[in-house]
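Two complexes come next, and they have one chain in common, subunit A, joined by subunit B in the first and subunit C in the second.
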Partner chain A sequence: MADPTYIAQVLVSGLGTGCIYGLIGIGFCVIYNASGIVNFAQGAFVMLGGMLTQLLLMRYGVPLLPAAAVAIVVVAAMGMLLERLVVRPLWDRNATMFVMILATLAAQIVVERATLLAVGDQPRTLPVFTDVPPLMLGRVAISVQLLWILGASALVIAALTAFFRYTLAGKAMRACSIDREAAALQGIPVKRMLALSFALSAALGATAGILITPTQYTAFNVGVPFAISGFIAAIVGGFGRPLGAFLGGLLLGLVQAGAIAALGSGLKNVAALSMLLVFLFLRPGGILGAAK
Partner chain B sequence: MKTLRSTTSPDWRSALRLLPWGLSALFVGYGFVAGGYPATVIGFALVYAVFVTGLNLFMGYTNQVSFGQNAFAAVGGYMSAVLTTTYQWPVVPAMGAGVAAAVLLALVIGYPTLRLKGHYLAMGTLAIGLITYEIAVEWQSVTQGYLGISGIPPLGVGSYEVTSDRGQLALLVAIVLASTFISARIRDSRMGRAFLALGASENGAMALGVDVARTKLLAFLVSAAFAALAGCLFVHVVGYVSPEVFGLHMVILGFTMLYVGGVGSVAGPLVGALIVSLMPEVFRGFKDYQDLAYGAALIVILIYAPRGLASLFDRAKARPRSADL
Partner chain C sequence: MTLASAPGDAILETQALTARYGHVRVLAPTDIRVRTGELVAILGPNGAGKSTLLRAILGLTSTTGQVMFQGKPLPRGDAVAVSARGVVLVPEGRGIFGPMTVEENLQLGAYRLGRDKPEFERRLARVLELFPRLGERRAQLAGSMSGGEQQMLAIGRALMGDPKILLLDEPSLGLAPRITAEIFEKLATLRDEGLPILLVEQKAPAALKMATRVYVLSLGRIAASLDADQITSHEDLAQYYFT
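Then we have the complex of A and B:
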């Protein structure tokens, strides 16, 4: 157990899942910043991303890259649909935060059950993106899928940063996160920003789901644990800070990998959830402090 | 708040107040007469009614959030199941131990958790429910994982076991009535007034001298006890327990029942549990779509009747509320 190669191996794999949690965590932040809503259906996007890609690939023989692209677009559209059907009506009625949470959680269940009915309860997996033997760094194997995850995460974060910094829509969303009323007075269509944030967040979740599926598996019920991991990442990084969320995700991934090595893989969710409770009780503002 | 625009005459309104009870009596009565399968379905509904009564106390009265009530049902249920099967305990002390264990857990968890607010409280309680579920799956030496524990003895005292459908139903009716009575008594007690004050405004309650932290914890413990009792009843009524019983769908189902019956009312949990449980029986082929439909129904109710379906009855009372926001 104390074998350094083994520990290094575990940490490397933790880095991969950490990136995934980070992406999901950023998804939470995007919606939260635009609207103050915490979307408890975030996990549904992750599950749908992996599931749709798998279906397109296996059932319809679409090559991986187009399949992934189609899945991301479809899930983004579903994010907007969720916003239109569930979130917007509640938002217009000034629903309390609790009602909003309960409604999005119910939406999560609806998506989960619909998926179960549509494709059954069998766990599914995707082939690794490029089927080549792992790189050896000393005696530590680094799978090429991990490189895909790292590369794609870096790309997504760069794209997001550019979006928020240079595009009009991105700037408008940032204005919303600073002060929604002032943003509305400046002529920013706040509701459209809400819809956009759901689309963006759903696309992020789907991307995360597609990247992680080859190394794990996807099934109708993987969403909630992923959502909670993403939420933990967001809290650890200080809620509402996208970059913090990504770092929080990495930290969670490493902690979880350590827990798997020490206690066995069955307890990985318990480890993550316990980390959530520790942070909630001791340092709810996260390491960097919450954005607001 | 008083409204002068009350169009309903007093006796009509009091009759309306009896409606949920009459409806419940009708359903339960049907279960008795029919026996067999209908009695089992009604029995399940009654078990859930106990669970929802606890949820109502914490959420309806105190206006707090817990998405982790399934944790306490699981602790109570599993404790009772393990004690009666592996350790051959009699049913009543085993159930007592199950409820006690859940309340103890609620005390340990509640103290740090209830200091949280908003999203943090919601996610924290959700995490507690999921941790419990995962432990039920993984701790195979005790819970036997997904396989579950079977051969759990039915409800009963000493050598007397309630095995007939109708006997079980009668016992459950008594327990539900007792729970509902306790819930009503709590609402009218000093403690209950503190709950309601807290629910209306935390700062207001504090200004009136309510110990907010203690009151929240107390409400949490009482609701955990109800959840645990429901968990215990479930395992003994069914005779079998597996982790799925206490999954996230239990939480959503509980909330759906509460919202159908009416949040914060005394009869709400019972009516809601009965109506929601009978849905799959009324509509054929509904079973597969059960959780899907409950989730969708809950969303629709949350949008169009945020205080529950029962609130639609007193529209006249609800109208002026928009003015004070």
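Then we have the complex of A and C:
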């Protein structure tokens, strides 16, 4: 029988990773809702967020918070650039979903290789945001970085909810997700909304990357595994539903943590993919039901 | 074919406008005009190409020919730019944003207005005066309203954009006769206020009551252009169907 403290400890760690997967999954949903595109370059944004923050902090001595803010803004701009250079030309030609997926995957590889050439293949990490001993909940240690992850995730979700509910741009993006043609007929600039969705999604990815780097590491090639996990989170939550994606991320993080505890870390991806298959067979609409 | 008389200058004019879906041409070269102060009805049987004509005017399908609006060509393939010129379509099936509230739908109708609050309030007051039921349901999800109320919302949302011409595609679709009459009464009010309207409609008697001119579309081409008062019986109209 496994030690309950150990299980609780592993699950707590899974909660943090799950939040990150959830944020990446929301990024998938934001773009999908605005355009019907599944953006597999999402992992590149995660990698760039951590990498740029690390470079600004370590190489240029910029304090952590401003470095993170600059990294998020720069990655958001890169998201818009990706939309303009790769996605929009294909979108204008009514390219199929398959072509879009391939194109964004190719963009992911280009970003990955460019990063390799620019900064090398050495893994990099960030210091924890608040360097204090972990809090103890009974015998379970809760790192302050986990609290940062939980708090930032809650803040991001609240901000996104407010954006979509109270701002005209947010409402216009929702309208695009419901009926793109009807939105265009009202004069809503659908293409600008597409660019905005890429910026938002990239900023989300970068935030996730910055939050997770202190507890793991970042390197030129961490993007694809994160993208796959975020994609699974989005499917499990109900594709196109941001809250669902976050719940899917949490579930994925907990399942992976449970698998690590019970079966060893080598089988965590098997557990993730098994969970995906279970959902696809038994509840293909995901936890909240697919948006489309 | 009879030529109709005109109350004003042409605000919208198609010149040899055709439309195709893939390799199939579904609309033969078509010339129609809508003049200021007119409500022009496009009538015809199912599959005659009425909705296609509206979509072709807006450049939403593959077209040849030209569409002139206020003397200048309308952009093709860019619904946002067309809307910015004041040409607003209430599409078949209404195209309302069902999971959003009535108020949010109306806000999005005035998207181009930006932050001009006084002008927004003026337009909103006008729409709610025309359709008081929308005022009662401001916080309700649009998709949960009845078909008639959704159609009112679709028209109200289009009016929030302050259109220079209103295009409507089958506004009576799926509605009870009483509701259709109510909606058409509102369209007649808009016509009397001087808003040019181009109406595609299958329920010919209802449309004829308020139209100033009629084009009859059959098998993808204009079979007749008539003053509405030239049609006094079903037979007058039916002779052009499938000709």
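The working rule: the second predicted complex is superposed on the first by the 282 of 292 C-alpha atoms of A that agree within 3 Å, B and C clash if a C-alpha of one lies under 4 Å from a C-alpha of the other, contacts with A are read in each partner's own complex, and residues count from 1 in each chain.
Throughout what follows, a residue touches a chain if its C-beta (ideal position, glycine included) is under 8 Å from a C-beta of that chain, and two chains touch if they have at least 3 such contacts.
Small disclaimer: the values here were computed from a predicted structure and weren't measured.
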First, second, both or neither for A:V190, with subunit B first and subunit C second: second
Contacts of A:I287 with subunit B and subunit C, given as first, second, both or neither: neither
Touched partner set for A:R174, first subunit B, second subunit C, both or neither: second
Contacts of A:A103 with subunit B and subunit C, given as first, second, both or neither: first
Partner chain(s) touched by A:A182 [first = subunit B, second = subunit C, both, neither]: second
Which of subunit B and subunit C A:A114 touches, first, second, both or neither: first
Comparison of subunit B and subunit C by subunit A residues contacted: B
First (subunit B), second (subunit C), both or neither touched by A:S274: first
First, second, both or neither for A:I7, with subunit B first and subunit C second: neither
Set intersection of subunit A contacts, subunit C complex versus subunit B complex: none
Complex interface listing, subunit A residues touching subunit B: 38, 40, 85-86, 89-90, 93-99, 101-103, 105-107, 109-110, 113-114, 117, 224-225, 228, 231, 235, 239, 266-267, 269-270, 273-274, 276-277, 280-281, 284
Subunit A-touching residues of subunit C, taken from the complex the two chains share: 58, 60, 79-80, 83-84, 88-89, 91, 95-100, 104, 107-109, 111-112, 114, 157-158, 161
Footprint of subunit C on subunit A - complex, ascending: 168, 171-172, 174-175, 178-179, 181-191
Subunit B residues within the subunit A interface of the complex: 65, 67, 112-113, 115-116, 118-120, 122-124, 126-128, 130-131, 134-135, 137-138, 248-249, 252, 255, 288-289, 291-292, 294-296, 298-299, 302-303, 306, 325
